[in-house]
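Naming follows writing order (A, B, C and D), and every chain is counted from residue 1.
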Amino acid sequence: MSAPVLSVRNISRSFGGIRAVRDVSFDVQKGEILGLIGPNGSGKSTLFNCILGQLPPDAGRVEVNGKTVTGMRASSLNRLGVGRTFQQLSVFPQMTVLDNIILAGQEHHGTMASRLFGPSDAGLTEAADQMIAFFRLTHLRDTIAGSLSFGQQKLVDAAMAFMAGPSLVLLDEPAGGVNLTMLGSLKERLTAYNAEHGTTFVVIEHNMEFVMSLCTRIIVLAEGAIIAEGTPEDIRSNQTVIDAYLGGG
Amino acid sequence: MYRRTILAVTTAIFAAMGAAQAQQAVKIGMVAELSGAGAPAGTNWRDGIKIAVEEINADGGILGKQVDVHEYDTQTDPQVSRAMVQKAIDEGAYAILGTIYSGSTLVNMLVAQQNEIPQFVGSEAPTIVQKGNPFVFRTSSGAQKGVPALVPYFIDTLKAKKVGIAWVNNEFGKGGRDVFAAEMEKAGVEVVADVPSEQGATDYAADVSKLKESGADAVFVYMNQEESARFLIEAKKQGLSIPLVGEVTLTEAKVIELAGNAAEGAIAHVGVTATATDIPGIAEFNEKFVAKFNRNPTHDAIKGYVGTWATKYVTEMVGEFSGAKFAEKMKNLCLNVAEHPRMLLDTCWDEAGEMSRPSFMVQVKDGKPVVIGTAAAN
Amino acid sequence: MSQFLQVLLSGLATGSIYALVAVGFTLVWQAAQTVNFAQGEFVMVPAFFVLVGTHVVGLPLWLALALALVVSVVLIGALFKKLVVEPILPSGGISLIIATMALGILLKESAKEFYGAEAQPFPAMFPTDPINIFGAVVSMQDILNLIISLGVVVLLTLFLNRTRTGRSMQAAAQNPAVAEILGVNVKRMVMYTFLINAALAALASFLITPVYLAKFSNGETLGLIAFIAAIVGGFNQIRGALVGGLLIGVLDNITATYITAEYRAALPLVLLIIVILVRPQGIMGTSEGRTV
Amino acid sequence: MRRWIRPALIGLAIILAILAPVGQGNYITYVLTSWLIFSIAAMGLNLTLGYAGQISLAQASFMAIGGYTTALLTLAGWHWMLALPVALSFCFVVGLMLGYPALRVKGHFLAFVTLAFNTLVFLILRNEEWLTGGNYGLVGMPRPDFGLFSTMKQHHFYYFTLTITIVAAVIMWWIVRSPWGRAFKALRENPIRAESLGVDTRRLTLLAFAIGSTYGGLAGALVTPLVQFIEPASFGVAHSLRILLMVVVGGAGFFFGPFLGAGVVIILPEFLRFTEGYYLIIYAALVIVMLVFTPKGLIGLGALLRDRFWGKRVARGDLKQGAQLK
């Protein structure tokens, strides 16, 4: 078996005496869809931010495809093939959907110079159109992104994360605030993309239904540490997890 | 406010119906600092001109033509002033009156020169008459004439061995400071404190304290009006007891009004002053000005007034409206009060446009500037 | 030595006025994230209200001062918040920065057009007699300015920490959402800070104008220096503004006396750049959270 | 909008710009030249502020740096065309340096840092008399002479400036429609998202300042031969504020906004002479009213009216979001 796509080693992080994440380690293999769940305050957002370089961990390291990326700037991490989505709306509201998607790919094509002197779409219109079609947004291609519905913006956000052909995508609460119809289509598109390209996903999510049906493996955090790990079925029946959720409320 | 509106409306009406009359009028472009930092000087300049124009028109105009003054505001911005002089000339101005700030004049005098338009300016920076421009004429002595007139006072009257200089760090203050420092060096007097301050500065504690510590026998103060007033207030507070001597500004009515009793004892050399009321022309002008504008005229008002009258006198001596002939006539010209009463004092210009006329030493006593001596034209 | 004392005392007197202006600025920033680029003009304008009162209407000085205070609180407090800040804040910080700059121009030009371009003398509230302290000379006016400014800042701090309204204002500034839940009328509290800011500006105006003279352009440097004082001291704290104001007043005078007069104006700017780049929370500030 | 409307409008605007000074006196030509020069400066600031979202109150200081560099070199006998690249490179480098604070601070902090920078430049120009002529400034810079085409005449200088303006506008248009332009907008609208998509936001921020400053320098390099006199007070903070207002009034982030904004600030006063001293009061009040009702400036107002007229509404999603996040 090849090296894991993502390897988290002994990550710890405190905020003034409160240990938000304590010595967490796990690996994610190619093609997996890993769910990261836990009650409020369990430290999953902190962990997520440590992995993405938004927060420097106090200890431990993060490896992507065997390369240490701890504390790396987000743009460099992205160029190594790590895409992400955001919990809040994170499109570029005054640009069209097409421009949003092209932007997501352009920094991976050519050089600074070619991006100034070359074509204005960086040669990406076709690829962007395919991505837009994949997320079934073709009818909205030339619409200003800020005027889309919340769910549609989530789809654009996901499409942007995929545009550069990443090997790993971290999804931060993709289901939050999305209506049921849109949720179904989001899940279906994510699964389809995973099947088609073998891209690895790590998902933080509150919506249990969504996580259980999307993920192939789940890690449960409570009070900053891993308390359980396994398939959705294992987790569903795990007493420790149930207690943690009831206890943590 | 009302007066302005009425003025604007009447001007508009006259402009509309007076096309035929305009043929008879001669246009003069009044380009001055009507807004921005120079507004106080510019408005006085303008109002002095207004009085002169009323008198001239009542007197039959220039060569029989009524004078029509157009106002142009430079916003105290040299670039705008250049544009405004250009505009005045495009609109047919026969002569330009203004500007007052040397920084502006240095820029816009090039335009008047290129178009051979005579220009009376209120600026005092030495460089203005050193550029070989035959069309620019002063309405008061430049700093390189006014400031040296002070030197005998420092040396003979005050017997100063060491002096301090407090000056505003803009082109006006720097000009005066450089001339004074050079004169002191020539006279062998040591400059022991050289203290520049910003235009619009409010805190003179450090400046005065430096002068106080320097052991100077007298201080030359060269600043704009309100800066002078603030300086005097701080000097009084810290008990700076050596003579404070300035050029023109330091004893102006406005400075005395602002500084109150802190202005007491301040001395200045003034080219022309509205307080020299024993001179009949000045007294009359003073009265008219107060009656019309309800405030005391400054030397800028007198400069504007004199510049306007000089335009009339010299044009009539030439006998036609020709910028080139006007400039030719102005060279080494003297206008004496006997024949040209509205010049207020005997006034001469040299071949470069520099002006000289008798001047006064003035001191503030009991809240009033009092003439304490005269200096001959130099 | 007496020169140093002179410069120090004069610097403190000037600095106390900067502090007064900076404190109001800090309050408004905390309550409404409003950086008021017209703050200097807010200090320039009340003096003209007084002059209108004494010269145009012919009121006695005390009445003119009182009326000017009221007019200032209404005009540059309440109306400023209602007509400028409230509608523009949702468009983002840059819009508000530009709007307050435009407001500064508006006030400056209005003072000039409606009252006059020339500086005006302004009646002193306190005697200007000099007092000799170990060879340094200050006026009664300077000392009282210093005392009043410090007193007002202390009173304001007590008000904010000891009274119910004050604590509500702090809560509203720190976390409007939570404050709302706790029953604080956040809108009213924010309005109070604008009113206090206007009152502080008016007070600064009354104290400083006898020395500065009333002129339309007075706000230009004063506003900038007050901002710098607030930022240098610590944008989050009233005592930061106080320290920043006094510090700049003193350093400015020391620079002018002992180092350079030509580059005197550069000192606060350099200080500003260094503080922003090295310690953006300011000398007295804490790096996280907003406390009054 | 139909495809031909925009090119047709641009063509019409250029024809109007060519015809504008015909039959006009020197003064109008001078004003039109100033308008073009300030449009260039505002175009640069529009890139920094309008496209990349970084506020700067130092554009006038770059006009000063460009202007003084050109002045010193042309006075030393260089041709203007040779002095220009030196001036622009210098502005580019200094602009990069000014960008560094923007990596650390945003919004009003950045406004103050740039404002402080502008004042420092002013102080240096005034105090370092040996180099800059101090308060007296520099005078007598020659206007560029191209053999058959000398720019000594006001009309000639106007066409010279117009040519440079068009070239500068084409380059700017190329930049904003290139992937760089898209990345600048992304930096403005959501820097964190942009960074996570591989956009090097640090480098872009610096570039936004450097390019914007270079345009300021170009404007300064044109002021020098236009006025043939430069002094420090012409490049103070008030002038930076004036350029900022041009950008905002025209419409920040719209390509033609700066031209409109500079027109409003420079040409409109000509038509509002009758308001006398009240012009600035009216202008400032209108700016505030405009920010209340249409924060996107006059071009934004035009778009708003057009959408209302044609029934298409562009949702202000960004603004709503901004309000929520606060």
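Heads up, the rule we're going with is that a contact is a pair of C-beta atoms (placed from the backbone, for glycine too) under 8 Å apart; a residue touches a chain by one contact, two chains touch by 3 or more.
As the structure is a computational prediction, the values presented were derived from the model and not from experiment.
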Shared interface partners, meaning chains that touch subunit A and subunit B = D
Subunit A and subunit D: spacing of chain centres that average the CA atoms, whole Å = 41
Ask   = Approximately how many whole Å separate the CA-defined centres of subunit C and subunit D?
value = 32
Request  = Please report how many Å separate the Cα centroid of subunit A from that of subunit C, as a whole number.
outcome  = 48
Ask   = Using CA atom averages as chain centres, what separation in Å is found between subunit B and subunit C?
value = 37
Remark   = Flagged in subunit B as touching 2+ other chains are 35, 169
Interface hub residues of subunit C, defined as touching at least two other chains = 112, 262, 265
Request  = Mind pulling the residue numbers of subunit D that touch at least two other chains?
outcome  = 126, 277, 280
Ask   = What chain-chain pairs meet the touch criterion?
value = A-D, B-C, B-D, C-D
Key: Footprint of subunit B on subunit C - complex, ascending   = 3, 6-7, 10-11, 14, 112, 114, 117-121, 128, 130, 137-139, 211-213, 215, 217-218, 220-222, 252-254, 256-257, 261-262, 264-265
Note = Note: in the complex, subunit C contacts subunit D through residues 33, 35, 37, 83-84, 87-95, 97-99, 101-103, 105-106, 109-110, 112-113, 224, 227-228, 231, 262-263, 265-266, 269-270, 272-273, 276-277, 280
Residue numbers on subunit A that touch subunit D, as the complex places them = 52, 73-75, 78-79, 83-84, 86, 88-95, 99, 102-104, 106-108, 112, 115-118, 120-122, 144-148, 160, 163-164
Message = Under the definition above, what is the set of subunit D residues touching subunit C in their complex?
response = 49, 53, 55, 101, 104-105, 107-109, 111-113, 115-117, 119-120, 123, 126-127, 241, 244-245, 248, 277-278, 280-281, 283-285, 287-288, 291-292, 295, 319, 322-323, 326
Query = Mind pulling up the subunit D residues that touch subunit A in the complex?
reply = 175, 177-183, 185-186, 189-190, 192-201, 203, 253, 314-318, 321, 325
